């Protein structure tokens, strides 16, 4: 409406449009290599099957454990006061800035410590096993989960929990009857995004569990294998699956967050 | 103080403590393989030098470009209304949920499109070059940058910009004189975290640019190479460098965000 | 100075206006209304921060409806002040002058004048404006708004966060600024005392509509709508019908209670209207006291139902004997001390004809408006 | 019912107390103070949501200082109501009964009673409480607080978001609940009218300190500290010294102005004190009118400096001729109409001895407290 403002608005919108266009180009660029028959042909192969299964199962387990640990941890960071809180709050972000490759290396190295022996005594072997895939994914995604849930809990008015206390709830009761229901959407969003990150995890997984076809090769590892063998049809198939999952996740999260009540 | 509350608090704090302990264990586990003489010996080698240089230069360039694109984009998402805003806002998060491996594959595939020809006509070759490292890092980190800056801009009271308008600023003037100075800390934090993510990027980089020693091998790629050749002293050195960078980044960001004014 | 014609705007599901207003130079208008009435949205639309859905804004005779905010030359003091936290107090105040590249000597002279007027001597060189006290922030924000020598100043609830003493000082200061600097002021507030003290004219906005513009006495004693009457705490509002138009133009109204009221143009037998009287205008007469002829109309026997005690006043809730209708009567403490009423006492009350206001009702729906919220 | 002894608490750099208070059963105390005075923090500490830094809380004779909130059996209505958005109106109201596993029949009977009392018939089955109007939310929250049949009800600014008509209805309802249901109410507010209307006793909290607890007249006419006097909008406050203690105990005070004031225990020549008079208690006397002996003291010749016009009252700012001191005089509109003063007019004012309050000052610093904020 106001001409001089329009120039400003356009100069802000153009970079955004360019960025969105670039992403669209990336997503579309597989179309040149994609064929529907090839896609279904690939899907019927056993090692793609096992990669899909492994990815979904491992991601589900690792993100479930991550969220289960993250809910109380995030609540503690959001609501409770304790000595060293700032230090812990900062340190817990480590996996968000440290490359997954280094995290994977550290997991392997920790295998030689008392921690590894402890896991081993439970019959859990981490290097080059599915347990390793899950541990690698958990390590990478748990921090994201804590961060998202902390923001969720911080948005809940503590007054609601306090009123519930005075109406007869214990601290635990008000957490279950008030906090968790009010955090519902944030928790669902955290589960979805954590799961998506776990599905896409590559660096740590490849370090800890390797890329043994049909055993520890997740979807991302399988892309890496396919590309390193110049098997484009397979790579395209896997990329399309992952794009599909990503778009589902993105719009799923938006739907959850915009839900009424 | 109140006994029944204490039980609740402890049951919230324990998972957090366990998590922090686990991360501490991971960070500490390299100690078994670490020796100071070995560390400096490794540091003096040429290909480690070049990996450090490449990582720092590429990450600096890619995160600078990412933030430069993200500032107007994030402002547009935070303040302006335009058709399709919700769609763009959702889609722009794609690189945050799509695995970097797939992103890297898509970049390679887009090399065969008009976009690739365009870049090539400028003399830019992406596959297996430093330009490829930068493009891969940029693609992975730009969305994080937009997300962080959008949150920053949303926290600034638009009333401040409006008052500046009435005191004689154009839309662009109020953006420069009010919005940017007020977003200062958020922008610095975004730069640091974007840079850290770029330094740690592995999946897309390895797909696009490979791991050619002394040429396109970044710090994470070098860890991967070292581990695959079972060169533990080298891997430990690189991991320690990356842990150091990560800790600096984490505490740097916290300092920036807690700064007065 | 500023004229607004059929201005309408929308925000979400809220609709403002259409609003018409015409503000002369040097005048002081307070825009009074409950929170959520659209007062701030109205200011924003006048300033060009929001595009109007329809209507025009003229400033100094020029149509500025499509002009960018920075060229409307309105100074604005928002409710949260919006001091720029990254600038010192001095740079905050000088912000407008720098952006508009005003003559430096003139600016320096004006700054010195404002420093004296608002006593900014000890504040001017403070670097971190967030450490200023509430009143200090207010004065810096006021100086920032006044430095460009505006002809038009918009104030949005400027004193809502201040304590009573400082608020009064700044209110007096504002009146002085209006008179001495010749700046036209449009002052938004939800505080009735503030609106009445400062506004030469008062405009009442409720539910996005400008319901009445007038002098203090108009607004206070002659509300134009039931919403205005309620918002201005008229406790005694009756739903009545015109029973007779008397030869002198006055009206006999009835519906349980029978009242003689001043007439209005177009009054006809059978019309429905709202009538009311402010509770401090109701006269209380002891049972056996002789009374003059001017109090013979609208005189009722009543009993005290309830007594509400306030700081400086009491409110008697009295029930009229014939109709059972309850009337609130406000008495200053000194009168209450003399009269010494208790619950159950008998007395007479007079709803003096000249104190009654009437509002013709076009539709009976206005009575329902707040029905959901009535106990 | 509830007794608090030397209770102190901290939040950030703010310190509350130490506070002592003793509230009888069935009583209604309003805790009045400006925002930021620590009123909410005080409630939270009493309820056990905040650990006190020191001091004790007794409820019904039991020391509950270390008891968890849910076992203190206090019902709480916070300022934002904090209705549970994921529950229906009915489930909100019944939340406490379910958690405490109260007898179902008793609960049903009590619910029916509350539905009648608060007219919840059309609201009870609403699923999304966020769609209720302000007054409806208020009634649901009140019902939720009252359902467990509390003996102690804490209200934190319950009506601050409501419009005047609905506010008054709910205030009257609250008084009824206090009297009929025998619930002891501690009601926090910054609204003086509300505090005076509802509180049998009023406690004034400023800067985290309980500065005065007393009846309406005590608070209104005999403030205990200068902070209280200022907060209650005493416009006329003088800084004086005792010049003479008269044989009947009254005092001659001076410092520019000379006033005869009621005495107090411990008054001695040379002591410094603050004295004041409410502006509506200042009497205005026309220049030539004869006056009775009770007005002979503290009578001053004065001129009108300024006139502030409010809704139902005018305030004359008059300057006393001898001392040059300015005194505010509040006149109701009817008196102002009769007297018809204009700026510059001469008149006499009487600061009646019995209307004067005095506050002995231990340290002269109290005058400086707000100095930074004075224009």
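By written order: A, B, C and D. Residues from 1 in each chain.
As a working rule, contacts are C-beta pairs under 8 Å (C-beta built on N, C-alpha and C of every residue); 3 or more make two chains touch, one makes a residue touch a chain.
Everything quoted here is computed from the prediction, not taken from an experiment.
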Shared interface partners, meaning chains that touch subunit B and subunit D: A, C
Chain pair that, of all pairs, has the most C-beta pairs in contact: A-B
Chain centre separation (subunit A, subunit C; CA means) in Å: 55
Whole-Å gap separating subunit C and subunit D, where each centre is the average of the chain's CA atoms: 24
Residues of subunit A touching at least two other chains: 4-5, 170-171
For subunit D, residues contacting two or more additional chains: 68
Footprint of subunit D on subunit C - complex, ascending: 34-35, 118-119, 122, 133-136, 139, 161, 163-166, 168-170, 172-173, 192-193, 196-197, 216, 219-220, 230-233, 235, 278, 280, 306, 308-312, 332, 370, 372-375
In the complex with subunit B, residue positions of subunit C that touch it: 44, 47, 49, 68-70, 72, 74-76, 78, 80, 82, 84-86, 95-96, 99-100, 128, 130, 144, 148
Subunit A contact footprint on subunit B (complex, rising order): 4-5, 7-9, 11-16, 18-20, 22-27, 29-30, 32-33, 69, 72-73, 75-77, 79-80, 82, 86, 88, 90-95, 97-103, 105-110, 112-113, 115, 139, 142, 146, 170-172, 175, 193, 196-197, 199-203, 206-207, 219-221, 223-224, 227, 235-236, 238-239, 242-243, 246-247, 249-251, 254
In the complex with subunit C, residue positions of subunit B that touch it: 157, 159-160, 162-171, 173, 177-178, 181-182, 184, 260-261
